[in-house]
Amino acid sequence: MDTELILMQLFSGVALGAILVITALGLSIIFGMMGVVNFAHGALFMVGAYAGLWVASLTGSFWWGLLVAPIMIGVFGMLIEFVLIRRLYGRSIDDPLLLTFGLSYVLVEGVRIVFGSDGIPFPTPSLLTGVVDLGVGFFPIYRIFVVALVFAIVVLLWLGLEKTKFGLIVRAGSRDPMMMRVLGVDISKVWLAVFGLGVGLAALGGVLAGPMRSVNPEMGALVLAEAFVVTVIGGLGSLVGAIIAGLLVGVVISMTALFAPEMATIVMFALMAIVLLIRPQGLFGKLA
Amino acid sequence: MSAPLLAVENVGMKFGGFIALQGVTTEFRPGRVTSIIGPNGAGKSTFFNVLSGVLSPSTGTVRFKGDDLKGTRQHEFVHRGIARSYQITNIFPDLSVHENVRVAAQAGRSRYNIWTNRKKFDELDARADKALESVGLIAKRNETAKFLAHGQQRALEIAIALISDPELLLLDEPTAGMGPEETKEMVALLEKLAAERTILLVEHKMKMILGLSDRILVLHHGQLIADGTPHEIQTDPEVRRVYLGQNHGYA
Amino acid sequence: MTKDNRNSNRFNISRRHMLAALGTGVGVMAMPWIARAADDNIRIGFPTPLTGPFAAEAKDQVKSAELAVKQVNDKGGINGRKVELLVRDDKLNGGEAATRTLELIEKDKVHAIVGSLSSAVQLAVNEVTRARGVLYVSISQSDTINEVKDFSKYTFHEALNPTMTTAAVARYAFKKGTKVAHLVADYAYGHEMLRGFKRAQAAIGAETVGEIMHPFGAADYSTFMPRLRSMRPDILCISNFGRDQANSIKQAVDFGLKQSSKIVVPVLLHNQRLAVTPEVFEGVVGGSNYYWGLEGTLPSAKAFNDAYRAANGGAIPTDYGAYGYTGVMSLLQAMQAAGGTDTDKVIAALEALKYDVAKGPQYYRKCDHQSVQSVLVLESKKKADMKGDSDLFSIVANEAPSEQVLRTCAELGFPT
Amino acid sequence: MNVPSVAAPLAADARKPARLKAMMTTYRVPLSILALCILPWLLPSKALAVNVLIYGVVCVGYNLLFGYTGLLSFGHAAFFGAGAYITGIAIGQFGVSWYLAVLMGVTGGAVLAFIIGGMSTRTRGIYFSMVTLALAQLVYYVALQASTWTGGENGLRGFTVNRINLFGFDINFLDPVNKYYVLMVFAAAALWLVSRILNSPFGAAIEAIRENERRARTCGYDVERTKLLAFTLSGTICALGGTMSALHLAFVPLESLHYLTSGMIVMMTLLGGASSFFGPFIGALVFLLMEDVFSLWTSHWQIIVGSIFVLFVLFLPKGIWGTFLSRVVR
């Protein structure tokens, strides 16, 4: 195995990890801040891909799709929170999980009705097609762009949460929603924004993954399992955990693909089982 | 002198940097009512949690009837004879009042029997009814627990703690949130209970404590600053300065 | 939610209300399900995955099957008995397919079953029909159905199998000394395709420079591309199916593999090509059972295409759609020859049948009931060369039907 | 959703529904079995009736953990699938007699449930659901890889049971009615077993844990061990359902291990009513009937089922049977 191959393999692991990070972040934000597990996260990832495709075909440019689709689906996410999830606060913590599970059926079938059940081509934007030779190997430009964009978003998110007033409210809200209400913060607005942000991130993951995989109604199912594994490894509700675990899982899958390709999918679950045995609360999580 | 029921040696509890308890050493004789008082944040609840196995102490040891409780899992405490009630009502909301107490009684006997019908254990039913009678809830036997009034739920809390016939009963602010009428009833109940078993009480109502307790411990900033009869505590200058503030009469 | 209790509400119900409620409850349960009148129609069960990733192929199959039934009914049916097609959704799941097949046999009393698109569904239906002696014409591509372990004397396999397609494609694409790299889906169907290619390579003398098994149904193939690229193959053989095929080809192109090597697949799927842009599939070579372009050379193909266009508003039949037609038509022709639906007579008729309904002469081999038929080799056209939206492929080869291409009966485990 | 208590004075005949309620609880097993007897004649096909029987058993077994212990597992398909696969392999590849194969399937499922339960009951709340989902997916991919045993994605076949002898009778198992009533014996046994477990002291313990885990611990229950036993018992019943499915279809699809099957089991249980004994069975019946009927009208039936499920979670969390019990029978 020459070093060029190892480097290329490592890079494709990081690129795969980037998508895992962005989806797991959305899941962790919603859970971390609201204690709600969004079982429709995979379906919204898929809806995001279709929205990106739809906007890109309307405007003729991938970039509009990349910008507009996550916002559009983020607002749709807010609608879901406002109309459906809001009614469940105060009830058993399983209810939002069950509701979003039923919702995923509706979303997948809805997309099948509107866009048909076959895959639709999501052309890689012309600017980003092709491969660049960085001397140490061939790297597809699109994946370099994905890694860069995800890195930028993660930094943006970190700044938003750590440095801004809104970020402070969101983090405090996750610790003690009752206290926030007492302090006169309209916690329901915060949750609306947080759910919209989480769903928007899932949609963004979908748009970014569109050109890499074919866009089809079933693409969400595997993504949901992947997002769960990454969130569990990282530690439920910990954003740092989601980022580190996402990259870790991406690289581990990629390296396994080098030596024992058929085990690539199993290794993800095996990794999670090991983490569970050693640290049930995950690498960065606090004991539930 | 009989061996101490509970011996606490140099017990300390640290949460990260914050020291909740420091160097607490004392003993509890069987058959007496001891109250623990102290301003909020003095470490009373933490001390209770250590004694009832919810927390294992950072330093020091707790001996119950001579043997060290270190490493004993929380659910085994009640089988050893240490039962507790909670400051915030902590009952089984959707089970009936009778079932609340019956299921607690059953924990001592048959926890993994998946075969015989539980109605066959009629002595458990009898014990449950007896406990309900002793706390005056027998009339509400078939009500759903969450529909009881606050005071009645506190009484149910005590019944649940009582059902395992504990030698040491830890009561965490049993009269919290109660009006004068209900408090009077609770005090009467506590007096009846004090005759049969050792009680450790955490409370804020001074008149009640002074009337009820044989002995009072005062905690301040996680340290035991006083230990004596109600009269000694009232006249102890250190306690007065720290806890009772400047006024000289009863609180 | 789970904390809610049974008797949390003291609604005061009188006896009358309560009896009424119980009455309606039982009434709903006892909705009289009208048993299907057992008339003298010939009923053919048609399980197909109307929901799921292959819904489009399934709808094509239903249209073609209905066309075949209509054509036979227009000519007076079979000895005057009308043919009826009972379409059921097997949801591409073996368990569902088995349940639907049981219903078709036990409740609807069907005389035969045609259908299934995935090999798991085909094997499930086969399991149910062979225990109950029901005729079954299966139209899903798989080698396993031919093997003696799964053999049923009531089952006829109308579709191609990987051995046939890979042999035809290899003969066209491989030369002596060609360096071939394999990317294979790690499941039964993938292994069958790899085995077929290896068999053909041995005959031609093409050399395998590397093999990568990728997880079945994986979405991301980027992790395999660097290694494939490092093998510097002349030909990259991608042996998987459906969405896996579209994804892997797209990502191979992303990683620039098409610059250095030609991409070859065992089966080129009409709808998967539509799911990806022409540029991605450009130059990809693969096998197929049917392409509407055959109408230029084959009268039966022309007749089928025209009848299909007439019945479906000008739409052309796809590869998997054609299986619905050839499967049902071969069964009906056999029933006509046997003069009815007597199972043993129809089996004998099928074994002796010579039919050319859409793609040239075909017949069923005696030992494993595999339909010996021609195999097309197609190449995906550049966008510029396409004369219309459906003009996806050019026919680069048409292997005449021959048993040499198949595994011998002995190889399959049948006593010779 | 606690309904505000109506302060109407307790009328004389209000006690009658209470007595009816008590009667329905004590005789729930005989009543359920009576319902099972008439079931095949009410449904469009016997094959559907057997499926209702199978998923009814699976859901009632699953509800022992979900409705009664309050643990939402998303991995019980692993035990359903394991039961089916082990039975199929035992009959097909080892020529074991069918009832021994069923026993092996159930034991195998129980062992798997103990292992996965051991790992997952260390976590709590939402974490538990995610962990069970991921561990069951691990079993799915292992089954996919072990294709020499399980047939991989082609599914397991080659173990059709044509005739069986039950208590000396030689029964043609291919006949739909015979098959239904033979499998009904298993279903009745499962319902009886679950009912006994719920009535036992252990049944009271798991309900206490559902109500208030902290208090149960302080009352002296070893919560982890009790949860593990509940998890294993519910996994065992699901495995029994799996063995029945293997006998019924003579085929085991790989999808039987997928988390979408676990999701379907949760949906059926909640639709029927997780706070009642027989509710999950009703849920399985209604779900499969809806699926059978709607899929004839439109291939997009899943959008209807999904929407109905969302509405139930929102407005009728006690499910069809739970709401019926609380509204009509009080």
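In this document, chain identifiers A, B, C and D correspond to the written order of the chains, with residue numbering beginning at 1 in each.
The rule is short, and it goes like this: a contact is a pair of C-beta atoms (placed from the backbone, for glycine too) under 8 Å apart; a residue touches a chain by one contact, two chains touch by 3 or more.
The model shown is predicted, which means the values in this text are computed figures rather than measured ones.
K.L.:
Which of the two pairs, C-D or B-D, is linked by more C-beta contacts?
P.N.:
If we tally the contacting C-beta pairs, C-D comes out ahead.
K.L.:
Which chain's mean C-alpha position is nearest the mean C-alpha position of the whole protein set?
P.N.:
Closest to the centre of all protein C-alpha atoms: chain D.
K.L.:
From the C-alpha centre of chain B to that of chain C, how far is it in Å?
P.N.:
The computed centroid separation for chain B versus chain C comes out at 72 Å.
K.L.:
Just give me the whole-number Å value for how far the CA centre of chain A lies from that of chain B.
P.N.:
Here chain A and chain B have centroids separated by 48 Å.
K.L.:
Averaged over CA atoms, how far is the centre of chain C from the centre of chain D? Could you give it in whole Å?
P.N.:
34
K.L.:
Counting in whole Å, what is the centre-to-centre distance of chain B and chain D, each centre being its mean C-alpha position?
P.N.:
Centre-to-centre distance between chain B and chain D: 42 Å.
K.L.:
What are the residue numbers in chain B that touch two or more other chains?
P.N.:
In chain B, 93-94 touch at least two other chains.
K.L.:
Give the residues of chain C that touch two or more other chains, as numbers and ranges in rising order.
P.N.:
1-5, 7-8, 51, 55, 186, 215
K.L.:
Two-or-more-chain contact residues of chain A, please, as numbers and ranges.
P.N.:
91-92, 94-95, 98, 112, 262-263, 265-266
K.L.:
Spell out the part of chain C that touches chain D in their complex, as residue ranges.
P.N.:
Counting only chain C, the residues touching chain D are 1-15, 17-18, 21-22, 25, 29-31, 33, 50-51, 55, 89, 91, 93-96, 98-99, 102-103, 106-107, 119-120, 123-124, 126-128, 130-132, 142, 144, 149-150, 186-189, 215-216.
K.L.:
Residues of chain D touching chain A in their complex?
P.N.:
1, 70, 72, 119, 122-127, 129-131, 133-135, 137-138, 141-142, 145, 259-260, 263, 266-267, 270, 300, 302-303, 305-307, 309-310, 313-314, 317
K.L.:
For chain D, which residues count as touching chain C in their complex?
P.N.:
Going by the criterion above, the answer is residues 1-3, 5-6, 8, 10-11, 13-14, 16-18, 20-21, 42-48, 51, 66-67, 70, 72, 141, 144-145, 147, 151-155, 157-158, 160, 162, 174, 176, 210-211, 245, 249-256, 270, 274-276, 295, 299-302, 313, 317-318, 322, 324-330.
K.L.:
Under the touch definition given earlier, write down the residues of chain B that touch chain D in their complex.
P.N.:
Touch residues, chain B against chain D: 52, 54, 73-79, 83-84, 86, 90-95, 99, 102-104, 106-119, 121, 146-147, 160, 164.
K.L.:
Under the touch definition given earlier, write down the residues of chain A that touch chain C in their complex.
P.N.:
2, 4-5, 8-9, 12-13, 15-16, 19, 91-92, 94-95, 98, 112, 116-121, 123-124, 129-131, 137-138, 140, 142-143, 209, 212-214, 216-219, 222-223, 253-254, 257-258, 261-266
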